[in-house]
Amino acid sequence: MCELSVKNLHVFRGERYLLKGLEFEVPRGVCLQVAGANGAGKTTLLRVMSGLLEPEALELRWRGGRVSPRDPEYHATLFYLGHDPPLKDDFSAVENVAFNVGIRRSVSRSDVRAALERVGAQRFADLPVRTLSAGQRRRVALAALRLSGTNLWLLDEPVTNLDLAGQSLVVSLIEEHLVHGGLVVAAIHQDLGLSLSRRFSLNVGTGEGLP
Amino acid sequence: MSAQRTSTMTAVWLVLQRDLRLATRRPAQLIQPLAFFAVVTLLFPLGYTPELSKLRAVAPGVLWVGALLASMLALESLFREDAGDGTLEQFVVSGQPLVALMGAKTAAHWLLTGLPLTLMAPVLAIALGVSVAAMPGILLSLAIGTVSLSLLGAVGAGLTLGVRRGGVLLALLTLPLAVPVLIFGAKATELAIAGESLTGPLYLLGALAVLGVTLAPIAAAAAVRIGLE
Amino acid sequence: MNWAWFHRLGSPPHIYRIAGTLTPWFAWLAGLLIIVALYSGLVLAPPDYQQGDGFRILYVHAPSAWLAVMIYGVMASAAAIGLIWRMKIGHAVAASCAGVGAWFTVVSLVTGMLWGKPMWGTYWVWDPRLTAQLILLFLYLGYLGLRAGFDDLSRADRASAVLAIVGFINIPVIRYSVEWWNSIHQAPSVMKMARPSMPIDMLAPLLMMLLGFTLYFAAVLLVRLRAEILRRERTASWIREVLR
Amino acid sequence: MSAQRTSTMTAVWLVLQRDLRLATRRPAQLIQPLAFFAVVTLLFPLGYTPELSKLRAVAPGVLWVGALLASMLALESLFREDAGDGTLEQFVVSGQPLVALMGAKTAAHWLLTGLPLTLMAPVLAIALGVSVAAMPGILLSLAIGTVSLSLLGAVGAGLTLGVRRGGVLLALLTLPLAVPVLIFGAKATELAIAGESLTGPLYLLGALAVLGVTLAPIAAAAAVRIGLE
Amino acid sequence: MCELSVKNLHVFRGERYLLKGLEFEVPRGVCLQVAGANGAGKTTLLRVMSGLLEPEALELRWRGGRVSPRDPEYHATLFYLGHDPPLKDDFSAVENVAFNVGIRRSVSRSDVRAALERVGAQRFADLPVRTLSAGQRRRVALAALRLSGTNLWLLDEPVTNLDLAGQSLVVSLIEEHLVHGGLVVAAIHQDLGLSLSRRFSLNVGTGEGLP
């Protein structure tokens, strides 16, 4: 029995079924890399799975039971990171991460600093994020990921704007999470070189899941 | 890493604290609604007449229309910014009840707008020729009335989230709904200026605020979910 | 409790068909009633001893004013059904109501204003009923504006449903407060819409007119609803069968 | 591919046309400033008094404050949206004189806001008990006055680009600048209602508009450059 | 004599010199790939070169003469594409491109359609861009590039959000431009496999240009 399973997913957008009868399962310790051309529906899939978008139909199972994608209990176990990093321009990196994680679980300032150091953001941890470059902001957003203590990560193009070091950072964050039994569903265009046993890939847009 | 989940109370507190802290980062913004209130109130005599006796008669209307517009303008930013940078999405998927977080945001809006507007009103009232004796009544009625305005505004702001250029639409949605607050508030102010008892309109204002506190956050949460899709 | 009947009732093809059958009935009945009412109101009823023939605008004014309020109620109830039971047909009904309601409001306002000029010497006074009617117009405009702001139909549906419900809760409060506002101020004496004890030959056409307008609303609503259903279900297979 | 460079005239026309076309994409937005104007005008009787004789006295002030606020709210979106999606940056590096493009945007704003507001004003004036004889004067003064408001607003909007939560700040910047327009406009309206000659204030309004047309686009262009950095 | 040369570029941001004495030259037919870690100053460099950001000091030469980066004549010969695609949400792709190019040079609708087809955007050319996915929007923005008929392209991470086909599209757009004697200055993290003779790379942030 897989930890996460999606069945019978239908999404209708602008005149047509974007996703029609999509089905897949993700066991523990696996990263499902969602592939597909631009406009195939990767972002849509991730938003549906995190309850931000209402699908026409969806059977979602999580840890064995049927859940609604809008259930707060389900939300408490997942972390969603969209196209743009969710940061307050006027807050420093530390404040942003402390808040983003804080509303989910209690966290100390030193944990926050450690997480920022892990993503290479210690140098600008106390600057207002409005003065950061695109890649630096992305790193700050990533810091919340590991700290959140959630089991299921839903990542939409997490390597956008990152330099090469940043890209391997994302890979190692994901791999570490998988080793601890986490699940990742990520839309990533590049081949990031995750070890194959840990990566399934799903091609959306064709209406066929292939894990 | 043991995941000690944040209680709803703590989350509410964090959101409130965050909004207040954000405001202090730009002190200029704290005074913006105030300054707008002042400018509108002072513009009116410019377009009307400088005679205090005449101004005193229109003071309740001018004060309340000014407070209403100032509160509403500040509302625009209440949700729009959080929507723009993805914070609201994080709220929705945070595992916390969205209604509670919306309540916290509304409370923050009142503390940052309604309360300062209330405290500012006596000064403007004096400029319009109102006597000092009327101040307690004016303070009280504005304090209660602005709570309802913040609550109504939160619903409107949530609804217009998904609409680009929603600023004017927000006003169009919210102002008609705010008519009762305006009427009772202006009436209370008028009675206060006339030196009469204002318990009647104050009770009504209070009733509106209670109704708002119970219903508005629910509507705002529903609105935000839809606005973000 | 078995809700199947409820959902079948709300299924688009079913509604589409029923609406199609009912529309002509409503339309013919409405036409008949309105013509008879107009005839008896404009021709048969005696001129008012004070207002002469000017009062006859009442036959359009009063029914449209009543309907404007009633339609908001229908709209809010339908929107609530759509939001709570997730029945799309509820949203479709609400969406079809809004435009008609706004037009009835405009008609009542315009006829009232035209009537006000000879009666009160001015097009507008701030009478509570007039003011409340004006606010109702803004509520409709806000609703329509919000709908137009979304391009995604389902979002527009749900957002405007929330607004309709909030507005509906507010309407009695607004009415009450507006009346209270004016009754405390000394009311200018010209603008009393005194309820004249109407003779039966004036009242009967009025009631007929009201029924006629209501049926007319029902007919227009059904036509719009069918258009709305077609728009929403354009990809569904049953549409192709129906249109063939 | 021979690069036939676009003349400044054509570029101005393109910008104007684009803004008008954008507005027609959302017809609901076209009526929003109008609806807002109407709602604000409605608020005054509610907050003050239903008596037409008293309302007639405050009508000039109410109309002008309403027009001012409606014009200003619509302005917010004038630059903010273009700044948000990068269009303004493209304007700056387009090789066209930024002043001309700003002029075009301001003209579009007037056509979409100032003009409809002017045409709407008589209806509202009637609701405030103003007689029909005063309408030509009201129309004329608003038509000229709103030109200045659009121009001033463009400068204000440019300046607030770099500042978050610009709505209230924009109002603050623009309102004091708009005071002369408001004073002369309200005066002209008052004279029109009283049935007297209003050439004096009209000339002054005209002078302000001319001054604005010559200076405001330059200031707006400078403001935009700074705001984008 | 190189077509474009930058000398003595100093940019001061938030307490420190971000770029100090940067110097480089770009001849015709060459793409200068600006490299550097996140926050090194790539975006800053591109914005300075297009006159959007005022530097402390800069000697810019273009086609032999000294120019100010705010000179409209200079602007008429360049095209700047920033982190986010400059598109109006309510307009279709065709309308957007027609306007973005139109304020620079006259262009016909059929040219616009051809350009959109070139970037694989013909399928959604008439939809309002607000309904497009991130990668689809990027493609629309790229269509204006080639049509603009400008000589100097300043591109900030042009492959962001693009799928693999989209990335090679960008490469071929650039290569085609270079063959026709154009110049490109682009901030790109990945190695896109431009032929080496056509690519210089500049590492910003060290204060040293190395073309």
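Which chain is which? They are A, B, C, D and E, in the order written, and residues in each are numbered from 1.
Definition applied: contacts are C-beta pairs under 8 Å (C-beta built on N, C-alpha and C of every residue); 3 or more make two chains touch, one makes a residue touch a chain.
Just so we're clear, the structure is a prediction, and the values are computed from it rather than from any experiment.
Novice: Just to be sure I understand: going only through chains that touch, what's the smallest number of steps from chain D to chain E?
Specialist: Each step joins two touching chains, and the minimum needed here is 1.
Novice: Please state which pair of chains has more C-beta contact pairs than any other pair.
Specialist: Per chain pair, the contact count peaks at B-D.
Novice: Could you find the chain whose CA centre sits the greatest distance from that of chain E?
Specialist: Result for the farthest chain: C.
Novice: I'd like to verify one number: the distance from the centre of chain A to the centre of chain C, where each centre is the average of its C-alpha atoms, in whole angstrom.
Specialist: Computed value for the inter-centroid distance: 48 Å.
Novice: For chain B and chain C, what's the span in angstrom between their mean Cα positions?
Specialist: Centres of chain B and chain C (C-alpha means) sit 32 Å apart.
Novice: Once you find the CA centre of chain A and the CA centre of chain B, what distance in Å lies between them?
Specialist: That gives a centre separation of 36 Å.
Novice: Whole-Å distance, chain B centre to chain D centre, using C-alpha means?
Specialist: Chain B and chain D have C-alpha centres separated by 26 Å.
Novice: By residue number and range, which residues of chain D touch two or more other chains?
Specialist: Correct list: 26, 28, 32, 35, 39, 46, 49, 164.
Novice: Check each residue of chain A and list the ones that touch at least two other chains.
Specialist: 13, 54, 89-90
Novice: For chain C, jot down the residues that touch at least 2 other chains.
Specialist: 135, 138, 141-142, 145, 149, 152, 178, 181
Novice: Residues of chain E touching chain C in their complex?
Specialist: Chain E residues touching chain C: 128, 130-131.
Novice: Note which residues of chain E are touching chain A in the complex, please.
Specialist: Listed in rising order, the residues of chain E that touch chain A are 13-14, 36-40, 42-43, 83, 124, 127, 131-136, 138-139, 157, 160-167, 189-190.
Novice: Please name which positions on chain E make contact with chain D in the complex.
Specialist: Residues 50-54, 72-80, 82, 84-91, 95, 99-100, 102-106, 128, 147, 149-150 of chain E touch chain D in their complex.
Novice: Residues of chain C touching chain E in their complex?
Specialist: 151
Novice: Per the contact definition, I'd like the list of chain B residues that touch chain D in the complex.
Specialist: Going through chain B, the ones touching chain D are 26, 28-29, 32-33, 35-36, 39-40, 43-49, 54, 57-58, 60-62, 64-65, 68-70, 73-74, 76-77, 81, 164-165, 167-169, 171-172, 175-176, 179, 182-183, 186.
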